[in-house]
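See structure below.
A, B, C and D are the chain letters, set down in written order, and residue numbers restart from 1 in every chain.
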Amino acid sequence: MIKPYFPKGDETVAPLRHSVPRRVRFEEVDALGIVWHGRYASYFEDARAALGKKFGIGYLDFYAHKILTPIKVLHVDYHFPLTFDEPFTIEAVLHWTEAARLNFEYVIRNHEEKITTTGYTVQLMLDADEEVLMLPPLFYREFLDRWKRGKK
Amino acid sequence: MIKPYFPKGDETVAPLRHSVPRRVRFEEVDALGIVWHGRYASYFEDARAALGKKFGIGYLDFYAHKILTPIKVLHVDYHFPLTFDEPFTIEAVLHWTEAARLNFEYVIRNHEEKITTTGYTVQLMLDADEEVLMLPPLFYREFLDRWKRGKK
Amino acid sequence: MIKPYFPKGDETVAPLRHSVPRRVRFEEVDALGIVWHGRYASYFEDARAALGKKFGIGYLDFYAHKILTPIKVLHVDYHFPLTFDEPFTIEAVLHWTEAARLNFEYVIRNHEEKITTTGYTVQLMLDADEEVLMLPPLFYREFLDRWKRGKK
Amino acid sequence: MIKPYFPKGDETVAPLRHSVPRRVRFEEVDALGIVWHGRYASYFEDARAALGKKFGIGYLDFYAHKILTPIKVLHVDYHFPLTFDEPFTIEAVLHWTEAARLNFEYVIRNHEEKITTTGYTVQLMLDADEEVLMLPPLFYREFLDRWKRGKK
């Protein structure tokens, strides 16, 4: 039902997935009683950060190698609203690519497992001079190798 | 240079445009010294709200007619960062459609008139029972008529 | 070392305490690399909401009885900063009072158990006509009875 | 009616005042239709930053001298709520002190000039080693001189 955001790449390498549970906080709800649309960038970031941390490719890992990974594209599709105190999960899905970029897809599901929100982000990699990297840095290529061999 | 987000519709009706000036606030800047990517939904909303108010089709106008206009899609392309205290303008561009939807495009320019960020949102119209409207409500059709005749 | 925010009331009734664990999110950190001071209202609310939920006196419990509990005072003392990705706990402490008000104190501790931030909030209770209640509503007085008898 | 937050210091030096106009944004309003209490730190900061800029003692001025001015205390008293799209002004009042600290008071007034919110912040000054300064840096003492002589 939800169309894929990224074209199929190397079919032999399955995407990496990680979910985090959350609950809607009072301050995230707008005057209509639903989560304000602008908060979802933050939800996506929660899952992206957790996946990055789990696999050793988080903000601090890149930062330790003096690489920045700025967001170049953010896209959100709102299917159903979330309301105050509602539990939900945010799944981040990292799609395979050997390019120096991070292609993340996100799926938010409410407590009935209904998909409420989907979206994606694209991140580039910049070196210390803020030049766009053409190839991923060594530590990331080692991660790609482990991923390809199925040992994350 | 920036590709159009919405396909050309009725060429005879030019889009409506409205810009608001802003300055980057301290709390909008992240640990890297640039505006956090998740804040741009808020910037877009500032210009969208101002345009809506100017033309009598803002949140409160819809609300007075018991119509909600939830965001269904948000898309942001980040071209260049904005930094603390930097002045910039947010332009909202409402594209013509006779459907019961609001197709907004956004262009953010820094003080050198360089385009730093672009994006779009799509909003549907819901009635008091939260049913999606197939046709715009009467007050909005009257607005469309004025727009078409060039008298906003 | 940290002075008490609320004068000792009925000494026989100990305050209620509840802690929630958190980790500093990227969007909460400012250009100086520390949590922006304005975010702490949100941290306090997380612990206050969790305590309220645990004891049946949360937002939704009051709301079910058509009572609002607006914040009248917020106070925050910043002792030490928190940094990105740092784990911490927020403790909410509800102090005893038979008045129609909620006196909460907060203590934030970092992963070394060092107190980084303290503060308090005062909330009044309003009925459906937004009149300030002189006495707590029945459901809250029953809660006070259970609290006093030591059965929360 | 509103009690002074700071004890009267040197009576001969009047406080500095600066106001900024604002309008309540949609994202600042909570599920009850009023500005969420946690947003006021941001309102205070808007006026504080504008006053600082006007008198050459803003974030960037301190930063240029390698001095940080972290917030040590934030206090907010909520008298009346603000609602969506409501225009209001935030006045920042800098109180005289020769100590290495910034004592700011804030007064928010709605479009009827009614005081809706008051509060204060206390900031210390830290040098590049994050040591608390006992005396203000030279550029700030020169500002104090101008202030005292009535030429800001």
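Assume a residue touches a chain if its C-beta (ideal position, glycine included) is under 8 Å from a C-beta of that chain, and two chains touch if they have at least 3 such contacts.
Model, not experiment: these values are computed from the prediction.
Novice: Check every other chain and keep only those touching both chain A and chain C; list them.
Specialist: B, D
Novice: Please indicate which chain is farthest from chain A, where distance is taken between mean Cα coordinates of the chains.
Specialist: Measuring from the centre of chain A, the most distant chain centre belongs to D.
Novice: Looking only at C-beta pairs that count as contacts, which pair of chains has more of them, B-C or C-D?
Specialist: Of the two interfaces, B-C and C-D, more C-beta pairs touch across C-D.
Novice: What's the distance between the Cα centroids of chain C and chain D, rounded to whole Å?
Specialist: 25
Novice: Determine the centre-to-centre distance between chain B and chain C, using the mean Cα coordinates as centres, and give it in whole Å.
Specialist: 38
Novice: Using the touch definition from the top, which residues of chain D touch two or more other chains?
Specialist: Where chain D meets two or more other chains at a single residue, that happens at 26-27, 38, 42, 45, 84.
Novice: Can you check the complex and tell me which residues of chain D touch chain C?
Specialist: Residue list for chain D touching chain C: 32, 34, 37-38, 40-42, 45, 68, 70-78, 81.
Novice: Over in the complex, which chain A residues touch chain D? Could you list them?
Specialist: The touching residues are 26-27, 29-31, 33, 36, 38, 84.
Novice: Along chain A, where are the residues that touch chain C in the complex?
Specialist: 25-27, 42, 45-46, 49, 59-60, 84-85
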